[in-house]
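What follows is a short report on a single structure.
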Amino acid sequence: MSELLQVIGLTKRFGGLTAVNNVSFSVQEHEILSVIGPNGAGKSTLFKLIASFLRTSGGEVRFRGERISNLAPHITARKGIVRTFQETTIFKGMTVRENVVIAHHLRSKASLFGFFIESPAAARDEQEFGRSADQILEFLDLGEIKNEVASNLPQGHLRALGIAIGLSTDPTVLLLDEPFAGMNHDETRRAVEMVRSVRDRGVTLLLVEHDMSAVMKISDRIVVLNFGEKIAEGTPEEIQSNESVIEAYLGIEDESIGL
Amino acid sequence: MTRTTKIVGVGAVLAILLVGIPALINISGRWDLYYTLTSVALLSIASGGVWLTFYIGRINIGQGAYALMGGYVSAILVVKYGVSFWLTLPIAGLFCGAVSVLIGIPILRLRGVYFAMITLVLTEVARLSMLALPITNGAKGITNIPLPGAVEVFGLTLIPDFATLSNAKPAFYYLSIVLMILCFAGLYRLVNSRLGKLCRSLQQNEELASSIGVNIAYLRVVAYVISSFLGGIGGATFAAISQSVYPSSFTIADSINFMLNCFLGGLGYVFGPMLGTLVLYFGWDLLFQTGEFQLLIFSTVLIALILALPNGLLSLRFSKAGKESVGRE
Amino acid sequence: MEQVLANGLYLGAQYALIALGLTLIFALMNVLNFAHGQLYVLGGFVTYTIYGQLEMPFVAALFAAAVTLALVGGLMERFLFRTVLKRSVREESTMLLAAGTAFFLDAIILLIFGEKQRGVPKIVDGVFNWDFRLIMPYDRILIGFLAIFAIAAFVLYMQYSKTGRALRALAQDRVAAQLMGVNVDRYSMIGFALGAMLAGVVGGLLVTITGVNSGIGGPISIKAFMMVMIGGAGVISGAIAGGFILGMLESVGLSVLHSYGDITYLMIFASLMVFLSIRPQGLMGKPWG
């Protein structure tokens, strides 16, 4: 294993408020790393910084040693760091399969004009994307509903579709924003398996998550944020017994943390 | 639809447009229809451009600016520099495209009403600029623009000099119809290619689009440039037909009409703007006989149509077939 | 200089009042009311008929204009916008409806009142003259103060009345307001009526100075859009600021660039475009409305 992604002294200030304060950690290749913390701890902001959806106020993110912070989001995506969204964001007006096919855009070799005149490269791309999309849909058990319009899907399928969109970009690192939020026990169990199988495909996963029990089950390592600062980092076992983590959670709100 | 029915369908439409309608006009002697249909064709080209900006999720009320710009570019080149109209036509389109890059880069970051308003203001800026610029001849405009000349290749006359024709109206009709066919064939191709899917991805969720690696800023500008190009082509041809162009040739009212054409035809359907333009323009023309009640009846029908079919005329066909409308958000 | 400032203030007060109505409707329903200028014209003509033709007191005419326009606004919301908002896939369709309504009102106004420019007798005679540094007819001064009074009344009403609070809740978050027990349909209608009424009142005020004609609805709408954009769409303080800024710009521009005619408006429009592309939310708006 090697260090794939390095977060170095990352800081983000909104006006007077410091949402992320001097956070450093690194992500190893092929691991599942979760970022947890109470509400408002800066998890989502951290994700947006990594995916270049926000500009940093200080510090940087390195991918394979190369600085990737403050690029345009699509450039970061092209380098292989792809983010899915908290609000199960998908293309609602398209069918499931269309969603996944369009998400293959990153892999396309043809130019925009090539697509317009249907050049051989574009035709090859089209075919290949269709095949790959079908594979991904099968892989995530979405094959049967691939012609449904996405806006009609139930919550669980939406989440899977979000992950399918992420996978379609052939990412090196996939950032999953609360993949288990709003799921019941059964759905969570399935989703956890899904995330594992994604890792088994060779994708490195970075999660932001609220659901403690799922996080403990799935993660290789965990980073804990509180008030924008990193307060702990380690394996699930280490985190579970970490005093300051428990304090942070209990101190903020009486939230069931599933320990 | 199978390939054969498609080809037959397209062939039938082409035959009607290029042979059927002129024949009918000749038989009925309604020569004035040439002018009406020519206008419809040109306006629907400009509306097609507006439609494309709708397709990436932007409400564009600024097409009048580009139509005006196109008209002036062509007119100035023809009158002051003696350039052939046929050459000025693409130049006008490209000029508008180039200008729209400069304008589009800052304003395409805006969404919703903000974009709509700024494009509305753009139309007014264009009109006022044409009044003020030294080269545009102020409110008097540019008049007596010569008719398009002949195009010859190796002594072979491809297009005759319009001035030598006993009646230039049919010639302009063919010109406009051909331009319209090219425009909508291009738009149809674009929308049904991967490019169209990318545009729809912008319309539905720009953030997600950029996170799957779509260069949204670039794609937005591309769509806007194509849109403005079409506006310029429409405007330039219009100037050639009316042989004149004034600052008031295309105003905010026209910009709004272009938008209405798209709405009325339906934002989810490529041929929507064509149908919308036809209905609006013809409806308006037919109502001319009602004199002072023209605007009243027209607007009443318009409101009734919107109330009955809030998603556009072409939504009729689709809702019957039980299909999802493409423009759904 | 004093003259320019006074003109700007007078103009700004009228503009702000127009912009307030438009921004209120936008904040409530996310509808850009293209017909706003027509509502203004209608208010002008109602006042012209009652004060100018029937020779009844100006106050009565102004009141009649307010009531008529509130009625028209309420009807527009109830029978047109509500239906389309509920049924359309894209809410932009209301733009089409608004444009259709603008045409419709234009037609009605043209049929009833004709296309002539109409004026009314002065409401007050005399001219205020301060050493020729500031010359202003008394009726302008009066109308200016009436407009400022109306703005203040509207702001207080929005701030302290029960209706005003409900409207503000609705503007902030439709769904939340509904959950809190605000009758969304009813208050949308009230808000629309109120917005239309404001337009009518300005029409009634200004008919005594500049007169009214059926063709100015569209241009007025566009000016109103600009003011709303300058201040930030859907924000009350923004609309007031936008109105005064545009009034000032026009006043200053027309005096400085007097000899160049339309250049004033070109400058205003062009700088507005630049301003909006840098700061799309306007002076006081929230980003993306």
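By written order: A, B and C. Residues from 1 in each chain.
Just so it is clear, contacts are C-beta pairs under 8 Å (C-beta built on N, C-alpha and C of every residue); 3 or more make two chains touch, one makes a residue touch a chain.
What you are looking at is a predicted structure, and each value in this text was computed from that prediction instead of being measured.
Among the remaining chains, the Cα-based centre furthest from that of chain C is the centre of A. Should one ask which of B-C and A-B has more C-beta pairs in contact, the pair is B-C.
Mean C-alpha positions place chain A and chain C at a centre distance of 48 Å.
In whole angstrom, the spacing between the mean C-alpha positions of chain B and chain C is 32.
Centroids of chain A and chain B (each the mean of its C-alpha atoms) stand 43 Å apart. Counting partner chains per residue, chain A has no residue touching two or more of them.
Residues of chain B found to touch two or more other chains are 327-329.
On the chain A side of its complex with chain B, the touching residues are 51, 53, 72-74, 77-78, 82-85, 89-94, 98, 101-103, 105-106, 108, 112, 115-116, 118, 122, 125-126, 149, 151, 165, 168-169. Residue ranges of chain B in contact with chain C, taken from their complex: 54, 59, 106-107, 109-114, 116-118, 120-122, 124-125, 128-129, 131-132, 252-253, 256, 259-260, 263-264, 267, 292-293, 295-296, 298-300, 302-303, 306-307, 310-311, 325, 327-329. Interface residues of chain C facing chain B in the complex, by the touch rule stated above, are 26, 30, 32, 34, 80, 83-84, 87-90, 92-93, 95-97, 99-101, 103-104, 106-108, 110-111, 218, 222, 225-226, 229, 233, 260, 262-263, 265-266, 269-270, 272-273, 276-278, 280-281, 288-289. Across the complex, chain B meets chain A through its residues 189-190, 193-195, 197-198, 200-201, 203-205, 207-208, 210-217, 219, 222, 324, 326-329.
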